[in-house]
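In order of appearance the chains are A, B, C and D, and numbering begins at 1 in each one.
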Amino acid sequence: MKNRAYRIAVHIVPRAGLLDPQGNTITGALHSLGFKHVRSVHVGRHIVIETEAPDALQAEASVQQMCEKLLANPVTEDFEITSAVPL
Amino acid sequence: MKNRAYRIAVHIVPRAGLLDPQGNTITGALHSLGFKHVRSVHVGRHIVIETEAPDALQAEASVQQMCEKLLANPVTEDFEITSAVPL
Amino acid sequence: MKFGIVTFPGSNCDYDAYRAVVDELGAEATYLWHKTEDLEGVDVVVLPGGFSYGDYLRAGAIARFSPIMREVVAHAGRGGPVLAICNGFQIACEAGLLPGALVRNAGMRFVSEAVYLSVENEGTMFTSQYEKDAVLRIPIAHGEGRYVADATTLARLEDNGQVVFRYCDAGGSATGEANPNGSMRGIAGIVSAEGNVLGMMPHPERAVDSLLGPADGKLLFESLLARVAV
Amino acid sequence: MSKVAPRPGDPRITPALVAEHGLNEDEFRRLVDMLGREPTFTELGIISALWSEHCSYKHSRALLKTLPTEGPQVLQGPGENAGVVSVGDGLAVAFKIESHNHPSAVEPYQGAATGAGGILRDVFTMGARPIAMLNSLRFGSLDSARVRYLFAGVVKGIGDYGNCVGIPTVAGEIVFDDAYETNPLVNAMCVGVMKESELITAKAEGIGNPIIAVGARTGRDGIHGASFASEDLSEASDAKRPRVQVGDPFTEKLLLEASLELIRSGHIVAIQDMGAAGLTSSSAEMAERGEVGVTIDVSKVPVREQGMTPYEILLSESQERMLVVAKRGHEDDVAAILTRWDLTAAVIGEVIAEPVYRVTEGATVVAEFPGSRLVTDCPRYSPEARESDEIVRLRATDVTTIPELPEEKDPLWTLERMLSSPTIASKAWAYRQYDSTVRTNTVIGPGGDAAVLRLRGSNRAIAVKTDCNGRYVYLSPRNGAQAAVCEAARNVACTGARPLAITNCLNFGNPRRPENYFQLSEAIAGIGEACRAMDTPVTGGNVSLYNESPSGAVYPTPVIGMLGLIDDIAHVTRSTWSMDDDVIILLGELLGEVVGGARSGLGGSEYLSRIHGVVAGEPPPCHPVLERDVINALLECIREGHVHSAHDCSDGGLAVALAECAMANQDRPVGAEINLAAWSDVALREVLYNEAQGRIIITVPESSLGRVAAIAVGHRVPPMMIGRVRSASRDLVIETAPGRTLVAPLDRLAAAYHGAIPAIMDGSAESAAVLEQAAVTTV
């Protein structure tokens, strides 16, 4: 079976409940810039992967593995994978 | 007019054509872990903002401003704003 | 007794550890290249500081897959001593040699300065030569040194005496102000449950020569030497 | 010569295109004359880079020739990637400073990071292992949001790069002044050590030897960076944003290790960084130094992007790349070393006998120059020099008539206000972000007068520091440049080091304006005079012109990077007080030497600028010969073991220097009793804040007093006992007139000095933006 290329985005976010200094710092900075209506900010990683696979499902499965093995730290992070988009 | 709360996610990515050392290094690591089909990886930030606004459009407009003023580096990054989700 | 100092591609304190062991302790040391799978019969493995793979993604995340890490894990499994400093600590956590994780400093900035540490457990093979409750002055230099773990893990670490070093002030009190990176419970260094893997963010290998400042790190290395001498 | 035809798709050479490449009509005629035909687009690009100010030094070369460059200590003077001096015991030190001003103005984080990367490569390509980095920075006032963003970004860029490569950043300076508002100065210096025998130069040699591109792949970044660095900063620069280069410190670390291994391996004959104007300038310079021809095939260069043209490949300023000339037949050995470090190497050309500089794309020749003329035909300019009337007027201002502010009735107010001036205040906010202790050589890190690094395998140490007071140079260029050399020398001497040699970075405005060229030529003359008196030859440096913004040129800022040598590590001396009851002595005249009737007043002082917002008056006269006497006196006292601390007086004068001695060391503030009543006939502000040159505060034990006085007098230096250290006291007490004292609590001084910059930066939105945007790792 022939492979084709897919693009998949992954969001890796700090586990809820962990102190989020980055989010807090940005919230503070936004307030001081006049964005008073901001309630909260959370920052994670947005990783865009282009990979080849026989189909979208297998592309996603392989990205799931990448997250488990390398991209996310299971102690501190959660991840979510968006659907594969054919290129 | 009464404000309500929205959640908006922003994706900030390194501008195309610029060197992406982080993406390159992760690509290399994924290859050596056996994910040979990976073509490229780009790492950006995934920022989730909760803010109040009269309506979704204005919430998005204000997040657009936040990106321009603070969140994204205008010289090296592009950003994209997802639709506001009422909370 | 022989120290094996692992060199990952972006290690940069491997040299400091080597010089500390050889010049200041008069012990034997060798560099171990990360692509090899041979520990060359060393007694103590040092995972040194630095930026193993540029610390891209997360500090230590990629290095733990280096070929040599399998051997290091096996060595630790046999009860062999592993001294994991700074980036080494991050790698050890990523590799599961130690519980918890090291994330970005609470102040978000890289912090380079000399801090005070209290020795919380002088009964380990790394701290036997220190006095009880000793206060040490040792440099830190890191951007991702905030130790985090879940509540159960933290409780277990405390109960088992696995918290070996805590950030403190000059008088030995672990105040919030003395904590340079927001680590939970001011934790600066922990040992594994078996006591043979020490991970710490401060750099004892930079504190062995009084020409450069207090030599409070020297006893850590001497503790290891004393253990094998027994 | 080969036939060179335009490449299909290349733009036509029009006057507009030529102008866009920064060539004037005369320069274009020279080019056509050299080639004997119209250039191709690729050739125009090459020349535009090579004849840019940044690469060709066309406005400064004649002036630079006047600098002293020789001495028994000099192993390699200007002209190579870095200067090299012998420091004894078979060891040599390579050091160099370079600017990255314009890239940092556009993108502070990457601009500063790649600046640090570039200067590191300059040092390790000499065969030296980098052991320390310094940085000299100028920004506008921190009141401006943009300036806070630039400051935060530059500091983080320097830190992240140096920290990752593992080279300690140990010293520098940071000055804030409106003159640098939109055009900050970012100068980075690197210092490396090697055995004398390991010195290698970047001279292409050996006909038939392969030319190898090493390190990162070539992308489209920074194309035309060199000519960009040679233009005024204007609105138009904003449109040039895609030119920014991104640094990759991890690859740099690999390149550093691989390059040193290559150099020691004996497989190569030359190595050179691909810096400004990338492959073009590195290959042309190597050929020129070796007086050989080269041929480069751009199709063999490893690229990062598809469809790159020869023009783009030649002019790319992608970072972390090296050009190597290997010995023929050793290509595989070279490749093996690089592979071990996960780097690539590609043979892209050859050293040839024919005296041409030739570029091919496969078999097609796309550019060719008569090699020897590429450099010799470069235009040289000595434009008109004329001092600006306005500056003459400013200098003639009688600043003694400026009335005191009502607040100054309280002298503690003035002292606190001085100490909290961001230019004077502690820079720990910045250098706490720099790993200063990695490699375990740092005997004195940031916070001392100069940094001191031990030399392993020897009982010696080196001291390094950068200095320049741009305000002095602005008001009086020749004198100010001398003062920069002397301050740097004094700073290294205060640690116990004998000044040995300098590198310099000349940051000036557009040289085609007569008032700017005047400043440049006077400043270079001043550096030369001071270096001759101090016996510190110039071993290299960098010229950065066109530092202008819509509001005018920056202060002329010739930053001096000084290297000093400490023969015996036991002589290392610190700047802060420690021993109770030590006698505090001022070496040098409190009000400056009276030479030719001129005495130092408050002209050009930080006091006038900070308290009164005035930049005017005659800056303190600098007398390099007297400075040398003071330094010699100090060093003799240190060598005989009398000196417990030494600190020079510079910005902010005596009062600021005394306060620093007392509380700069936060771990251990130490009080003192000072008696200045003997000067009560002089205005107090002049006594406390005049910036007379040639002054050093030392502390010695009572028992050394007689000997120290004798040594000083032997060097024609007046030693003045001005007080005593009181280590139990929590105050700095200064008797300003009989019966009148200024009691300055140390905790208040410390709060002003240590708290000023954090109070502005921590929690500022710009600082947050930098931390967020520059996050390599975001959790």
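Criterion: contacts are C-beta pairs under 8 Å (C-beta built on N, C-alpha and C of every residue); 3 or more make two chains touch, one makes a residue touch a chain.
If you're wondering where the values come from, they're calculated on a predicted model, not measured in any experiment.
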**Message:** I want to compare two interfaces, B-C and A-C. Which one has more contacting C-beta pairs?
**Reply:** A-C
**Request:** Could you grab the centroid distance between chain B and chain D? Build each centroid from C-alpha atoms only and quote it in angstrom.
**Result:** 37
**Prompt:** How many Å are there between the centre of chain A and the centre of chain B, using C-alpha atoms for each centre?
**Reply:** 10
**Request:** Indicate the whole-number Å distance between the mean C-alpha point of chain A and the mean C-alpha point of chain C.
**Result:** 30
**Complete:** Flagged in chain B as touching 2+ other chains are 21-22, 25-26, 29, 33, 43, 45, 70-71
**Fill in**
The positions of chain D in contact with two or more other chains are 248, 250-251, 342, 765, 768-769, 771-772, 775-776, 778-779
**Request:** Could you list the positions in chain C whose residues touch two or more of the other chains?
**Result:** 53-54, 56-58, 62, 65, 103-104, 108
**Message:** Based on which chains touch which, is the overall arrangement a line, ring, star, complete graph, or other?
**Reply:** complete
**Item:** chain A - residues contacting chain C, complex
**Value:** 14, 18-19, 21-22, 25, 70-71, 73, 75-76
**Fill in**
chain D contacts chain A in the complex at 763-765, 768-769, 771-772, 775, 778-779
**Item:** List of chain D residues in touch with chain B within their complex
**Value:** 106-107, 109-110, 216, 219-221, 241-242, 244-248, 250-251, 304-305, 318-319, 342, 765, 768-769, 772-776, 778
**Asked** Which residues of chain B touch chain C in the complex?
**Response** 21-22, 25-26, 29, 32-33, 43
**Item:** Touch list for chain C against partner chain D, complex
**Value:** 9-10, 12-13, 15-16, 19-20, 49-51, 53-59, 103-104, 108-113, 139, 141, 143-144, 170, 203, 205-206, 209, 211-212
